[in-house]
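Note that subunit A is present in both complexes that follow, paired respectively with subunit B and with subunit C.
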Partner chain A sequence: MAEPEVTVRKAGKDNVDVVLENMDLSLVNSMRRVFLSEIPTVAIDLVEVEANTSVLADEFLSHRLGLIPLDSSLANELEYTRDCDCEIYCDKCSVVLTLNAVCNTDSTLDVYSSDINVAVPARSDDSIGRPIQSSTDERGILIARLRKNQELRVKCIAKKGIAKEHAKWSPCSGIAFEYDPWNKLKHTDLWYEVDADKEWPKSKNCDYEEPPNLHDKFDYNAVPRKFYMNVETTGQLKPDVVFERGIHVLETKLAEIALALSKAEEETDW
Partner chain B sequence: MNAPDRFELFLLPDGVEKVTVSPDQRMPNAAFIKFEREDHTLGNMLVKQLQQDPRVLYAAYKVEHPLFANFVMRVQTEDGYTPRDALKNACQTLIVQLKIISRKFKEGYSVMSMLE
Partner chain C sequence: MSGDVSMADVSVGNTEEIAVEDDKMTILPGMASDGSAASFKIKDEDHTLGNTLRYMIMKNPDVEFCGYSIPHPNDNHMHLRIQTYGEITAIEALQKGLRDLVDVCDVVENKFRDEYNKGDYVQEEIA
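Take a look at the complex of A and B:
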């Protein structure tokens, strides 16, 4: 098989569009699966509610807080709490965030994710755990709305984790994945009323491949070789970082297996 | 409730081997390999790579039960080649491919982000 080829079609702020060639479907699918669920990021995992007089229940609020994307570019510097020496959490394995809001006016007060502060930015770079700010909306995500005299006083502990444990740790909001846009391989059976060609819209990826020739015989030996992938992130990690770290996670997985096999070989004569 | 903890999907408990190789008693050069705390991400990728190997006669895997985070792979090879070596080679080949993909992606991305 020829060497794998990678073409980056678009490098956006929170998405990257790539075309991958000369590799197996299974490999690209594994990459997709790892990007979605096995890249470590940081998310709020513990919430200590000191005061909550809003209309939202504590657990409801905690759930909302957990889903807020936090900057995870330095997530690799953080330990997993389960590997850490501390009992519940410490500086090595967590980032403490605080949210304090009181409404003193007659109008409602909106509490946004930009109101969350990193309590102790003790680390070399204080970007870790900071709620993501998109350029279009400076205030961030709406967490709660407070009426007069309602108060929120919350301490949040953000921890490192992967999306296999909870989807809040997923750095990807979605991955578009396509191969064989002309359906030459007949992996898809398109439903139709009269004519499938007319009723189904063509994918934009069709421009990158030769249309099928009507008189060609079906090639039953053909395998997919060109894959179109668009990785969209939640902002926790930059899309190129998702790509690189995802591949690294896969490499580590394979290396771990190779190592375990060598180890098992030494122990048995088989 | 009695739902299993989510981290049981990927955290290898103490005393559990990551991979266990046991020979197939019925024929030579064949083995069942059990992978603990892994899923289709690894299984499918490895099996497809093994099937590319001309000296591998048979390679397939199954996830025996959806609630248990493990899968069993059966590999049969030609004489003078062991399933274990076949697996190691498959791992190596995949790592090399991933390294190439990673390198080419970095190159392509830096060019593309300069343009935009």
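Take a look at the complex of A and C:
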């Protein structure tokens, strides 16, 4: 088999569109699975509510806070709390954020994710744990609206984690994944009323592959070779970083197994 | 049935599990005494690694069979079975599979990095 080929078709602030060729479906699928659920990021995991007189219940508010994307480019510098020596949380394994808002006016006060502050920028770079803002002039995600005399005073503890544990840690909001857009391999059975060709819209990836020839016999030896993947991130990590860290996570898994295997091999002494 | 090979005829190397201290990898009982066939139990792994590792090991012409399973969805471990033609041991086949997969990952990562840095594609505006 020829060497793997990677083509970037499109890239932006929070998505990258790539075509992967000469690879096996299993490997591309491993990459997809790792990007979605095994890249470490930071997200709010503990919320200490000092005051909440808003209409939202504490647990409802905590859940909303947890889902806010936080800058995770330096997530690898953070320890997992479970591996840390501290009792509950400390600077090595968490980032503390605060949200304080009181409405004093007759009109409602909107509280946005940009109102969250990193309490102690302990690390050299204070980008870690900062709520993501897609542009400087916008205020981020609306968390709650306060009426006159309502108040929010919460301390949030953001921790490192992976999306296998909770989806809030996923750096990807979605990954588009396709192969064989003409369905030449017959891996899908397209349901139809009268004619599947007319009723199903063609994928834009069809332009990148030869349409099937009606007179060709079905090639039962054919395997998928070209994969179209669009990685869309939540902003926690840049899309190219997701790609690289994802592959690193995969390599780390392999290295762990290789290490354990060499230990197990020593035990086999016959 | 005289012509049949019963299980007792197959020389078995281990009847107990061989586990390393952190339990990441266990060699399940019933490894062939010449090492040509073995089953591994790998903790905390699933289809993400199982399928692609299986594929990589099967690519090796010295390997007769490689398959993986997740015995039960509630248990977070994966079983990997390797049988070779006897030229190499199952452990060596697994080691080679792991090495090859890391090499492929490196190639893909480098190619992506080069392509991405080249900037030869549609770039959406970056705010």
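The working rule: the second predicted complex is superposed on the first by the 267 of 270 C-alpha atoms of A that agree within 3 Å, B and C clash if a C-alpha of one lies under 4 Å from a C-alpha of the other, contacts with A are read in each partner's own complex, and residues count from 1 in each chain.
What we mean here is this: a residue touches a chain if its C-beta (ideal position, glycine included) is under 8 Å from a C-beta of that chain, and two chains touch if they have at least 3 such contacts.
These figures come from a predicted structure and were not determined experimentally.
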| item | value |
| --- | --- |
| Clash or fit, subunit B versus subunit C on superposed subunit A | clash |
| Touching partner for A:210 - first (subunit B), second (subunit C), both, neither | neither |
| Contacts of A:134 with subunit B and subunit C, given as first, second, both or neither | second |
| First (subunit B), second (subunit C), both or neither touched by A:255 | both |
| Contacts of A:38 with subunit B and subunit C, given as first, second, both or neither | both |
| Partner chain(s) touched by A:4 [first = subunit B, second = subunit C, both, neither] | both |
| Touched partner set for A:26, first subunit B, second subunit C, both or neither | both |
| Touched partner set for A:166, first subunit B, second subunit C, both or neither | first |
| First (subunit B), second (subunit C), both or neither touched by A:82 | first |
| Subunit B and subunit C contact sites that coincide on subunit A, given as residue numbers | 3-12, 16, 18, 20, 23-24, 26-27, 29-31, 33-34, 38, 240, 243-244, 247-248, 250-251, 253-258, 260-262, 264-265, 268, 270 |
| Of all residues in subunit A, those that touch subunit B in their complex | 1, 3-12, 16, 18, 20, 23-27, 29-31, 33-34, 38, 82, 162, 164-166, 240, 243-244, 247-248, 250-251, 253-258, 260-262, 264-265, 268, 270 |
| Subunit B residues within the subunit A interface of the complex | 6-7, 9-11, 17-21, 23, 35, 38, 40-42, 44-49, 52, 84, 87-88, 91-92, 94-95, 97-102, 104-106, 108-109, 111-113, 116 |
| Touch list for subunit A against partner subunit C, complex | 3-13, 15-16, 18, 20, 23-24, 26-27, 29-31, 33-34, 38, 134-135, 240, 243-244, 247-248, 250-251, 253-265, 267-268, 270 |
| Complex interface listing, subunit C residues touching subunit A | 13-14, 18-22, 24-27, 31, 33, 35, 40, 42, 45, 47-49, 51-55, 91, 94-95, 98-99, 101-102, 104-109, 111-113, 115-116, 120-127 |
